[in-house]
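The first chain written gets the first letter, and so on, giving A, B, C and D; residue counts start at 1 in each chain.
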Amino acid sequence: MIDFGFGISPSSGINLNNSDKDTFSKLAKMEPNVLKCMACGSCTATCTAGDFKTTSLRTAILNLQNGLKDEALEILSGCMLCGKCTMVCPRGINTRHLILSINKIYGK
Amino acid sequence: MKNNILVIGGGAAGLEAAANLERLGYNIILIERDKQLGGHLAKWDRLFPDGLPAQEVLDSLLDNISNVKCFTETDIQAINILDKSFNAILSNGITVLADAVLMASGFDIFPAAKKEEYGYGIYENVITNQDLEQMFKQQQSISPIPRAIGFVHCVGSRDEKAGNPACSKVCCATAVKQACEVKELYPDADVYCFYMDLRMFGRRYEDLYLKAQKSGVRFIRGRVSEVAQTADNRLLVKAEDTLSSKPVRVNLDMLVLMAGMRPSEAGHKVGIQLNLTTEDDGFFSAKDGMLSLQKSKLPGLFYAGACTGAKTLPDTLHEARSAAMEIDRYIKENFIKK
Amino acid sequence: MITLLISDTFKAVTPEEIIDRYPNSYNHFVLPFVIGIVFIITYLLIGLIRILYHLTPQDRKKLLKSLVTPKTAWKNIKDIVLDCLLHTKIWKRKPLLGYMHSSIAFGWFLLIVLGHIELALFAPRHLSSLSEGSLYYPIFYRFFIWINPAHETLRGALFFFLMDFVLLYILSGIALAMFKRVRSIALGMRHTTKPSLADRVALYSLWAIFPLRLLAEGFTADLSGGSFLTTPVNMLFKTFFGNGLNFMPTWWLYSICLGLFFVAMPFSRYMHILTEPLLILFRNAGLKVRKPRKGFAEAEIYACSSCGLCIDACPMNVQKKNLKYSSVYFIRFLRRHNTRKITEIANKCLMCGKCAAICPVGVDSPAIRRAHRETLNNKTDYDYSYLTNYSPQFATHEQNTPTTSKILYFAGCMSHLTPRIIKSVETILRAAKLDFEFMDKDKGICCGRPLMLAGKTEAALKTIEANRRIIKESGCHTLLVSCPICLKVFKEEYKLSGIRILHYTQLINELIKDSKLHLSKSDSTMVYHDPCELGRGCGIYQEPRTVLNCIGVLKKAKKERDESVCCGYSLGSLTLDEKERTKLAESCVDSLLEEKPESIITACPMCYRAIRSKASVAVKDFAEAVCEHIADK
Amino acid sequence: MIYEGKKKIWADYQKEIPEDHYFYVRSCIRQSFFPASEATFIDITKRQLGKDIFETEHHTTCGGIAYHSDTIPHETVMTIIARQFALMKKYGYENYVCSCITSFGLYCETLETWREFPELQEKIADNLWKTCQLEFAKPKYLVHASDLIFKYRMQIAAKSKYKLINKQTGLPLKVVEHIGCHYSKMFPSKGVGGAEYPYVLVGMIEAWGGQIIDYPERRHCCGFGFRQYLIKGNRSYSVSNTHKKFESMEPFKPDMIITNCPGCPYFLDRWQYVIAETQGKTYGQDGHGIPVFTYEEVAGLVMGYNPWDLGLQTHQVSVEPLLDKIGIEYDPSAKYLGKNGKVIGEPKKPNCLK
């Protein structure tokens, strides 16, 4: 192999054909509320941990739908389960259980 | 003697207005360019948000026009104003002298092939919302059983380059309704809706959205940029997931384009003969946008339905009824009172 | 008085009075009882060792220390007598039910004690060794002896009377219990548990034991003495059966029932009779549940009497389908190791603590649930590295004061969603001319209680440590919190020695007492909602009421204080969905509006939001209500 | 694929291409990358088909590369272009044909700009006069050289010696067409067949017996992208982009690629080497790449030109397997012989790509 000083860079795109839908349906079975998210971002805006470290349940859900498991776990890793997002969620999503479920199903 | 009223267009607006005018005692001549009455309603299977069969609605509308003179497969060849009345020569040779004219020419569905990048007419499995309704209506199933189906919102709507910067109002709800129906038929299929904004503005529309979400329909905020065919004859669809700011691609077995509404070409031709003004979007301009929505600037010519812009079916029916009231008042003031 | 009598009779005993009917002190019928009692004693010993083994060494040390500390030792004795024998807790809530329990428990206890005293007085030889029948003699005393009619004494007759009297006492309780089975509603319980097979065996044998004892002793009353109960029975039998020795089958049955009861006991709810004292010892020693199934928890699990009081208490039972989430079932599934059910219930529970508050045995099942959640969630990943370097710049509210003011106000996450609470607290503090610093004005670290409730103890300790450092560095002497959720964890886990931790209800109460805050009273009526974490969680019931009495007319809720109904939005529940929570909020409001108050006052941001969304009357936060009544003097 | 649907679109994008009399301007980079292509164009059009194609040594670069690399101002570029057009006028032509797609795009853009902003056109005409004393002119017809070959495709087919058909199987060759981005993406109406399904190369392939394949990434840029390649730090973008295209066309098993842009054949060809040498992946048969041709080269091949006279030995991806497929006769030993018969030097064999 020759080093040209440049090469193929990985795509930042999301290929939904390869995204893991089975695990996501497992999550949806454990916490069906995950399907109700309409991406309003209230959870992210109110997040206590978000004042310190990028934390966004909305993005995490999106990442999981897009098959980006590691990104989802990372963006939830600072969560302190304070429950503010549950209070502000207009769709009444049980966000704390959703976060715990994500960690349980996708976590190590 | 009964006053003649000419209704141009036999869709939901024309039928409902004709029925009301008939009840008010007028002599109605209704012309329809198609073979059958009902306009787009006749081509639809079920209606949002509750899934009411379109045929039921159409049948009720048709039940009320027993004394209306309907000419189907008929165009207006020429129309002009004689004194206070309208003189129309129809393509079947008949001349109509009417004291008032109701434009209910409705809309045309955006020709989806114009969005070349979506490949309508190029790829077999790219269809439009209307095609899907036809499939539902004829209980045609998709074979082989699809693994993934996509819906593209705003095809020919909110698209300056496609000639329509406006929202077509009904496509979001239609797409979500159709997504639910498809998910019911093929529960194992992945269903995607590619939307820019979800405009679920009406009563129970949001419920429909929630129902779709709960059934597992995936909503991706981003307009589809292009469609291509893969080696195994599936569709490769590219869009941006704008919520995560990442390009997204997915292989689908069917793509449904939510073709929007544009002004009826046939209606437009009639409009030119009468010098009716249109707004930038090509739809007729009402006398004013608030208090005289049903009136045109031309005395005796009235509007109902989607000829003055995209409307839902209930809105169209409301307009038809109020147009009937306006026409009644106009006739009474100008022809009967003296 | 009794002791006097006993000592008096003791002196007068003569050997001639009591004659052994069986010189070898044995008859086969005692076997079932002996097997049963040996089984249960062995079982108890093994269980005890197991439980003690699973305690942490520190806990074992704590337990030992508490047993020899006079104060706790006395408390142990008091609690055991009051709770296990007299069942005072049940008495207080439902007197009839209390009578039933105490009659059986205390009655049986008396029967055993009196039996032993009688034996000690009249035939002490049989107490001395196992070969003399010390295991069964006190129980079957009336079978083995013959009273010399020539020497019948008043002393003997007194015991005959006492024993009959106690038996009657027990029989009345048994009769009530049978009645309860049929019509449990009559005793004020809407829901009762469904008994298992072991429960049934134990129950029916328990029911049979005392009537059989009456029959058996009735048969032998002419030989071994009897009183107002047994003697008439004896006479009745003689009329029917003649003078023959027909009594053997009843003594056999009596023994079999006793044996059955003891054998079924460990597998039935009646295990609580024996486990409760252990639980009392543990609790008084200050031990905590650390594992959901072992050690302390095991003692709690076996101490549960399956009485089902918690079913009615549980706020979730506003929906019938939620009955199955009650503590009693949770503990039953724990006993049966049904992991799926355990997890389901553990996650569902609101952790409002009402079941623990009203539990006659004092089983703290929320603690077990939390421990179970810990096994599920403690290991999940988190990254709190951002906490280590965070040091807030305190916004000092009084510009002229030095940087270390005396009160540190922690609003908590939830209070930030109800800015009216924060604003009101600040107004009150200013009105009372107190210096304070706002710990989490712009941003703050969660108190850790929500993590604790979710079972993420390890993570919780990280946030606790971070907040603790900030609090310590602030140099405050008082930590003021407006959220009861925070309060609970600050009090229990933070170890902030030297710093007073006050809820604003407490502080305001003090301010009024110290005349630092003056309030105007109106005649508007209000009801106070006890937030779970503030009331049952921290025992603060009176302070808010005292304050509210200063500003208006306080009405009563249908259920209040330690029976207050959770608002439904508790962070304790992990799986309750919005719809179910709404139902709970409605039932909470129903209870509050019992006496039609003009407004509802609560002192928790969560309760405030929940109740406000459902109440038809004005809902105010406690601080807000106080604020409206601040007077100049 | 519904062919009728495509025909409908093609019908919408018809472009008027005069039959004869053109002023021809060359491309800067093609002359070094594919030196024989432009010569072949001249040879086919002038000698074989007898058309009037005029060239002058006085024309320069159009300024496109500098423009797209953000190194010269727009007005300068437009003045350069005005000079080219003025030369056309000077030599008595009004049809302008250019060899380069970048130039074509830039000419289209400039003409549109002048149309939209006449005052700018005035200014450029003024600049032109001041700098070159030339009279400002605009071509009556602006076409790209591939438009012209498209126009002559049937005449070429009539004279063809070979067809784009696999000799062994008798099946048409599967051809990937790649259109330069600046051909019609900016102004779909200026390209034959529009931007979505350009017909210019498809028409040639159809006329010459091949079969076009549509693969998902057909719309993608070849990877050149000016700054993406010209700045070395950006080259990963360039090669990654090309990689994406090859990954996408691979399942269709194309026999060859035809292009109409200076950069595209170069990058589609050379990056196959880089991909092979960095990833160990090749896209043709048996470790070969997919051969990439300019439209002139393909026209030359079907007309029976000697492959080495067409300059195919300068390609990175070896063309021999394709020549064999079509049945074109060639002398392997003459591959690296120059016009004078002397050896021009043989390149080093790559490790991975055959």
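As a working rule, a contact is a pair of C-beta atoms (placed from the backbone, for glycine too) under 8 Å apart; a residue touches a chain by one contact, two chains touch by 3 or more.
Computed from a prediction, not measured in an experiment: that's the story for all the values here.
Relative to the centroid of every protein C-alpha atom shown, the closest chain centre, again from C-alpha atoms, is found for A.
With every chain reduced to the mean of its CA atoms, the largest distance from chain C is reached by D.
Averaged C-alpha coordinates give centres for chain B and chain C that are 68 Å from one another. Distance from the chain B centre to the chain D centre is 46 Å, each centre being the mean of its Cα atoms. Centroid to centroid, with C-alpha atoms defining each point, chain A and chain B lie 39 Å apart. Annotation, chain-chain contacts: A-B, A-C, A-D, B-D (touch as defined at the top). On the side of chain C, the complex with chain A involves touching residues 347, 376-377, 380-384, 386-387, 390, 413-414, 416-417, 442-446, 448, 450-451, 454, 456, 459, 463, 569, 571, 574-579, 606, 609.
Contacts from chain A toward chain B in the complex involve residues 12-17, 21, 25, 28, 32, 35-39, 58-59, 62-63, 65-66, 91. By the touch criterion given at the top, residues 1-2, 4-6, 8-9, 194-197, 214-219, 251-252 of chain D touch chain B in their complex.
Residue ranges on chain B touching chain D, taken from their complex, read 113, 116-117, 119-124, 226, 228-232, 236. Within the complex formed with chain D, the residues of chain A that make contact are 1-9, 11.
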